[in-house]
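See below for the structure under consideration.
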Amino acid sequence: MSFLGLFLMVFLVIHLGINLCLLRNDGGRWFTDAATFMQTNYVIKVFEVVLFAGFILHILIGIILQIHNWMSRPVRYKISNQTTTPFLSKYMIYTGGIVLIFLILHMMNFYFIKLGWVDNPISARDNGEPDFYQIARLLFAQPAYSIAYIVLITVLGFHLYHAFQSAFQTLGLDHKKYTPFIQGFGKVYSILIPLGFICIPVYFLFFFI
Amino acid sequence: MDLTLKIWRQKDAKSKGKFVTYHVKDISPTCSFLEMLDILNEQLIQKNEEPVTFDHDCREGICGMCSLYINGRPHGPDDAITTCQLHMRKFKDGDTIVIEPWRARPFPVIKDLMVDRSAFDKIIQEGGYISVNTGAFTEANSILISKEDADLSMDAAACIGCGACVAACKNASAMLFVGAKISHLAMLPQGAPEAKRRVLKMVAKMDELGFGNCTNTYACEAECPKLIKRSNIARLNRQFLTAKVS
Amino acid sequence: MADLNPKIPQGPLSQKWSHYKDHQNLVNPSNKRKLDIIVVGTGLAGASAAASLGELGFNVKIFCYQDSPRRAHSIAAQGGINAAKNYPNDGDTIYRLFYDTIKGGDYRSREANVYRLAEVSNAIIDQCVAQGVPFAREYNGTLENRSFGGAQVSRTFYARGQTGQQLLLGAYGSLSRQIKAGTVTLYNRHEMMDLVIIDGKARGIIARNLITGQLERYFGHAVVLATGGYGNVFYLSTNAMGSNVSACWQVFKKGAYFANPCFTQIHPTCIPVHGDYQSKLTLMSESLRNDGRIWVPKKKEDAQKVREGKLKARDIPEEDRDYYLERRYPAYGNLVPRDVASRAAKERCDAGYGVNETGLAVFLDFEESIKRLGKNVIEERYGNLFQMYEKIVDENPYENPMMIYPAVHYTMGGIWVDYELMSTIPGLFVAGEANYSDHGANRLGASALMQGLADGYFILPYTLQNYLASEIKVPRIPTDRPEFTEAENGVRNRLEKLMNIKGSLSVDHFHKELGKIMWENVGMGRNEQNLRKAIERIRSLREDFWKNLCITGSINDLNTELEKANRVADFLELGELIALDALQRNESCGGHFREEYQTKEGECLRNDQDYKYVAAWEFKGSGQFEVHKEPLQYEEIEVKQRVYK
């Protein structure tokens, strides 16, 4: 879980980097260049497979562990647990589930178009590839879509808030000097990454002319 | 103070249990929680009813025998304490107190509030010790251990094996218990030669017995009467991973 | 009458034990596998004995009434364990540890046993370190020591305030290893109900499975009792709720002798009693007396105001405080032995200087130490004890002095054993607090852990072999023999009798009553009149018990009331024996203080002429006891008055 989680968190940074190219008011040139690079580079192609495997394993293991955990307490307590614990840590399976829904929607909007599983809402680019810049513009222009996007990305943030330091704990990377830094870094990460993603729909909704 | 108690009653391991409501009156705030239950039991005996069965022994917070999940918290509404040291001053007149047994698949109920925790013994039997025969020692001061390491080892060794960590954990995980024993021995040079074998066997046993997995919620740390820290779980994880890959 | 031969080996004191080991019989490895040993109790003595015997290759069956061997009450020992390592270079030797223990016991223990205890003390520390017991250490990595009562050297090793816990977990670890290896079988939640004797030798036990209520039979070529002390005869004590005398009492009824039952230790530093509903007294470690100073107000009117809550301890000026231990015993000060400290506290409170609302408490003050060493140091040394005090009493001991009062803690008396730790029943060995052997009339702090582990790790594995060497031809005896049936029927009859009383009063009612009688008349101060009164009252209470007891539930089921009733029935008989023993001992020594026999300064007045013996009691049928005397001979030391001034 933890290895995969950390791997996915690294991916998120790259993904955000590319998405932020959308913010440049250049008709999507940077974004398209970056996207093209990601689609054509062979190293990245290999990583794409690894990434998908990572997602699927992370989700599968998460579900299996959760079922096992539920089975570990066949008789529930009458009074639910009152222990003070980090709030979000208790709901990882739920935030994870919501992120999964988001992931499916997201794939339908972008990746599946490329694979041709979903119809392209917009005319393709000259080279026949879908124009994701335009697709993104189109989607974010709808307030409902943008709001849903923001909400779901916020839930992703909740997931990450617990995930970062938790991954280090699970890997046994605990040190009296460095752990406080890791915890702090994790909090900053889990706030900055979603904020980064959120500023894109905000930009398209309010500032893009 | 007068209190309403809702207590889990279950005749034996096979029977179905249920909550039964009782009332106790004029409880002194200086009375301990178990003494309050003694008073209730005295009342029940007077009425020729069977008293409530619960585990307890030393009543000074060290044997680890007392349990009880009180109003949603193992060992009740105070920190760093066992049920036997919990005093009634932590409650108010008129309170309703719900008392449940520890709930976890590896801790089946024996009767009322008494559960079977021999799963913990089984984990220890897999390797929660240093294998040294009586007499096979060297002079005590020939093994030097830094004060810091000895202190960390002692912090972990303070575990009383009560099972509050399992009871508090939403996954009924025993990682804090196992982590504490692994850490106690891992911090000492005497424990090093069999460290790998120890962690693999203890973790395998823990999984086999049906404890849940650690999802780093840290309820165990919050409820541990001896303040055993989560860093012990990290140390267990580290030892386990290194043992697995090496 | 059985033979009261202590079987002390020949030779000079310091060579007796090696002489014994050099000449004893051993059992070869292939025969060890054929021999079964029953160990009852999983405390320091029981767990260490079972583990060591298992390692040797014997088949061991170990029993405890708790859910796990790790719960035994040794776990609650706080302060430390003595050994003559002389690491601080302050002049300690094996002889000095031996001498301090004999003197601390007020010259009522057996010289050879105590010397052996001191002799193996160093090996215990080595053994425990090898097991990973996290003893306190200096910054340079070596082991740290502190001082305890009754000694002028620092010879106590400790693991914070949880030494007993750590030592027990060490022994429990070794025991667990043997359970895994298959040499030891654990029977948890099983209580020993009776001893089975076949052809005059201990050959098994009847145990009750506490979960199913069924009686079960177990065979052993030898039986070891390590069942702890009988302090719970006083109801309120620092013992665990389940601590009991029943195993010892059953073997006593079957012919083992009970030695010096009146030697009970009252520990000076416990949290005072606070109400009728109280079930248990909590000890504050003796180690606190290293840095805490004990005092009461000098003026009675101040004490009165403190009791009424009108005056705070901190507001009493230095010159109006009476540090009575430092005043009376300048050489040892606050670190006088337990019996002395307890009596001194009682004396001050009886004289009207007590400080809590009941008037039965004295101050244990850390003000000066905190000033001298800083709060951090005190916190590091005693943090968990201070926290425990605050949780129970709801007062911060860093700011206000603790209030303490003596409470029943340990019993020096127990089943009479010879040098080999064997009772008068062949094949029945008794170890740890359950036997009487090493502490005489008073036990020094940090010596109980030493004795328990000495017996289990380093003595029984030798002496049991010496006995078993002549048993190798005895095959395992089937448990359908008439002796087993008879013993089981006896137990069943007794349990049925208890269940069938069908009176109206709970077990706790009788136990509390017994406790009151014992504490008032057979406690810290005893005299002939009160002892006679106690015997009368115990007898009538016992009669009442067998008429008016009420036990709910069923016999073939988990029934905690029945368990308690069975134990209290034995306490009701033991209480009388304690009083009888106290009555026959017309002297004061150690924990046994007869008010008629004291010096002008209120110290113990021993009578070595007439009472330098072990009183070993024989059971002669219901309520009938006969005393036998084992004279104590001191070859190496001069018997003196015990002075701590």
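Side notes on the structure shown:
By written order: A, B and C. Residues from 1 in each chain.
Convention: a residue touches a chain if its C-beta (ideal position, glycine included) is under 8 Å from a C-beta of that chain, and two chains touch if they have at least 3 such contacts.
Being a predicted model, the structure only gives us computed values, none of them experimental.
Comparing the CA-atom centres of all chains against that of chain B, the greatest distance is found for A.
Of all chains shown, the one whose average CA position lies nearest the global CA mean is B.
Distance from the chain B centre to the chain C centre is 27 Å, each centre being the mean of its Cα atoms.
For the pair chain A and chain B, the distance between mean C-alpha positions equals 38 Å.
Averaged Cα coordinates give chain A a centre that lies 64 Å from the centre of chain C.
Against chain B, in their complex, chain A makes its touches with residues 65, 68-69, 71-86, 89-90, 92, 162, 165-166, 168-174, 176, 179. Those residues of chain B lying in contact with chain A across their complex are 6, 8, 19, 69, 71-74, 77, 98, 100, 103-106, 168, 170-173, 210-219, 222-223, 230-231, 233-242. Every residue of chain C that touches chain B in the complex is listed here, in rising order: 48, 51-52, 55, 66-73, 75-76, 85, 87, 123, 125-132, 134-143, 159-160, 162, 165-166, 169-170, 172-174, 176-177, 179-180, 186, 188, 211, 238, 240-242, 274-275, 277-280, 282-283, 387-388, 391-392, 394, 457-458, 461, 504, 506, 508, 550, 552-553, 557-558, 560-561. Those residues of chain B that touch chain C in the shared complex are 12, 28, 30-32, 34-35, 38-39, 41-42, 44-46, 48-51, 53, 55-65, 78, 80-81, 85, 87, 89, 110-111, 114, 116-118, 120-121, 124-126, 128-141, 143-147, 150, 153-154, 157-158, 160-161, 184-185, 187-188, 190-191.
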